[in-house]
Amino acid sequence: MTEFLSDEMVLNMGPHHPSTHGVLRFILQTDGEMMRRAIPDVGFLHRGIEKIAELLPYQAFMPYTDRIDYLASICCNFGYALTVERLAQIEVPEKAEYLRVISAELTRIGSHFVGLGALLLDLGAVTPFVHALREREVYNDLMESLCGARLTHNYVRIGGVSYDEPPGFREKTRRFIDHIEYEFLDEFNELASFNTIFINRMKNVGVITAEDAIEHSLVGPNLRGSGVKHDIRKNDPYSIYNRFNFDIPVGHGKFGTMGDCYDRYWVRVEEVMESCRIIRQALELMPETGPVRTKLPRVFKPPKGEIYVRTECPRGEMGFYLISDGGKNPYRLKIRTGSFSAAAMIGEVSQGVMVADLVTIIGSFDVVAPEIDR
Amino acid sequence: MTNAAAQYFRNIKDAVRTTAKGMKITLKYWLREPAITIEYPDRLGEGRTADDIVQDRFRGFLRLDSSICIGCLQCMKTCPIDCILITTEKIGEERHLTRFDVDQSKCMYCGLCVEVCPTSAITFSKRFEGACYDIRELCISHIHQPAPVAKPKAKEKEG
Amino acid sequence: MKISDLIALLKERLRDVIVGIEEMPNNDVMLEIKRHDLLPVLTTLKKDKELGFISFTNQLGVDYGDSFAVIYNLYSFALGNKLTVKVFLEKDNPEVDSVERLFRGANWFERETYDLLGIRFKGHGNLERLLLPSDWEGYPLRKDYVYPEEYHGMALKRKTLFEE
Amino acid sequence: MPAQYNLVNRLNEDSRMILTTVDRALNLARANSVWYLLMGLACCSIELMQTGGPRADIDRFGSLFRATPRQSDLMIVAGTVSLKMAPRLKRLYEQMADPKYVIAMGSCANCGGLFNLSYSIVKGVDKILPVDVYLPGCPPRPEALTEALIKIQEKIKNERYLRKKE
């Protein structure tokens, strides 16, 4: 303890801090305004979801997957359902696949809105956040009409989805994505993304090279922001994603160095547009009628075995490693989330930056506390 | 020197232009009709109640239709967190429901009990208002006096 | 790469150390090795030009009742293949070499496994509890874990409303 | 004008006329400026943010979020409280200035909710803080949170602030 340099100071940030996106704590070792180190301290939302999985039947665990990443609950539902289905080799009806993809992509849009808005809020721009929340309300209404809840949707079931589309859903969704793609994003970019002050705060901050990103197991938009073209939806296609035509946006140093905060931000903006493209195609291709759920036995027991399934969530790859012993509960379920490695990375990239830039870096990684802690 | 001066004026121009842009967007939403804000609970609009601001499938408080409940206890067994408590008793010849309590403070509104119910006796209502000063108020009894359970076979004949 | 080709390639490269190799559902290969071979094998898998399993996607520990296991999920951008590496550990001495130096992303995964299952990683720079408080007792994901009654004066049981 | 906004309607009933009127005036001011602490812990924090957002717009009631406990009157515990977080939550509550109120938002804050099976969760925030209003829902809608805030306002209006020490 005596080794402290005279002008060094230890600063505590969090766990309750408006810019740490939930309960996340950082111990900062600072020298004036410069930061020597930032040590993340996580676990303030550790709820033991993996243990709960071992105590519940397969179907009853579904609502818990909503709470792993509450901003993208359908993507988590989807991943879990897919894992069990692949292990038990359950066929999913055609229409259910489309509904899953549409709702998952809608969730991605809604999730990125909060991610982008919260980043801007952290940097002091309150208005774009409110604009993003306004659009999120439309998305919430849409999801509520589809599955009955605003946030914790619990829509996907093992072997299908819980409800068919409500009347007028396609029309409403089309209107929503048209509004997002052609109107809202332009407005949002005008308001925030191309703002000089915003660009200056974001560019060349928190640069991660492609090698570093892979080395640190970064996934999803954080990895793509460093220029690695890797998306599970393309590279290891699941469900019906290979039927759609879409691009993988990658960072290319739009304003600064490749892999800086702006690139990670911009990848998310472009992902919203790609999601709109996928939804538009899926709405065209979706069959009018058909079953949406395979009938499962009430006591459902998948065969013995181990499986690892990855899906692409808004915060990157979400992997479910499921070990089944043939019983009615999972034997072990490990959930690998994108925010977990991103949170570890924050500590690595924030060496030698300004304290104010730490907020930028945290925001650009778009971490969600329950995803880190589970 | 001239460079710096040019930059200075360019900055002013930029500031004015971006402020005008932002204000334009703000004005657009300010004048928008209808307004985005739903003024719950006072001004919901013409003849609208709190139930109308939620969508049809909204998963609100649980509701029981005790006349068609067959007392199979499926909902109680399937609930992962035991927020439903049902007791049945044999009074005379028939089985009676003596207690059907739902702990709404604990419920996670997942819908597993609704899906599993064979007669759709337990369903979601649209009610979402339930703030109270005492948590015991959130334990809602659906049965006030013993009610005979419906017979599953009779139900099928009707259907 | 096809699964059968990958298995053949792995058998050729890691001839001496493979305990078991089999196909897993979802286009995956399960490679089982012995505990002391872990670090050399993962080094080969990462550094080998042809294999190139440079992406460390997941790691977990499992309590199989009579033994522990640590499972690593790797991904190769070059091949487009997944690989699962499994190491069994004894119940009374769950210790394995840390791969933190090899894959820097493994750092927190190993801390989490240590936190929740009590598997020690030899050579890890900072093996402390990650998710639970540092004064927590026991390892929750073990099958024989007993829930604590109270923690720092906070009782962990709650009467249901039905009892009140 | 609703009855509770009327300052002098109980003029004849109450003998301590002036004191109650001051009470009422104070309570009216207090009830319409409930600033809440941004205590977003888990899923409910998103609904808490949306309550402050454009559609529910809790600013209509004079409530706005504060990031610091020193300036807030109301703590909305929005989400799951883990055992690691509990001491911090308690400290934040202690840092708030009196009089202070707590809303337990959502099932987890009410009684542990769906995480009752977990080993690291505080089963109900009322084990560590005095809770004024319980709000069911998982998570509650923004409108439901608005209703809880109205309940808090009602509670404030019925309090006798100046005569508390008797």
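By letter and in written order, the chains are A, B, C and D; residue numbering begins at 1 in each of them.
Basically, contacts are C-beta pairs under 8 Å (C-beta built on N, C-alpha and C of every residue); 3 or more make two chains touch, one makes a residue touch a chain.
Source: prediction; values computed, not measured.
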Interface with more contacting C-beta pairs, comparing B-C to A-C:
A-C
Quick check on this structure: which chain has its C-alpha centroid closest to the centroid of all protein C-alpha atoms?
A
Separation of the C-alpha centres, chain B versus chain C, in whole Å, is 40
Just the number, please: Cα centre separation of chain A and chain B in whole Å.
25
In whole angstrom, how far does the Cα centroid of chain A sit from the Cα centroid of chain D?
31
Shared-contact residues (touching 2 or more other chains) in chain A:
43, 46, 48, 51, 56, 63, 134, 137, 152, 373
Listed in rising order, chain C residues that touch 2 or more other chains are 132-133, 140, 145, 161
What positions in chain B touch 2 or more of the other chains?
36, 54, 80, 103, 105-106, 108-110, 135, 138
So with touch defined the way it is at the top, what topology do the chains form here? Options are line, ring, star, complete, other.
complete
Would you tell me which residues of chain C are touching chain D in their complex?
132-133, 140, 145, 147-148, 151-152, 154-158, 161
The residues of chain A that touch chain C in their complex are 42-43, 46, 48, 50-51, 86-87, 214-219, 228, 230, 235-236, 305-310, 317, 319, 321, 323, 331-332, 334, 336, 340-341, 343-344, 348, 373-374
Of all residues in chain B, which touch chain C in the complex?
82, 85, 101, 103, 105-106, 135-136, 138-139
Given the complex with chain B, which residues does chain C contribute to the contact?
160-162, 164
Inside the complex, what are the residues of chain A that reach chain D?
15-18, 22-23, 43-49, 51-52, 55-56, 63-64, 66-67, 70-71, 114, 130, 133-134, 136-137, 140, 150-152, 369-370, 373
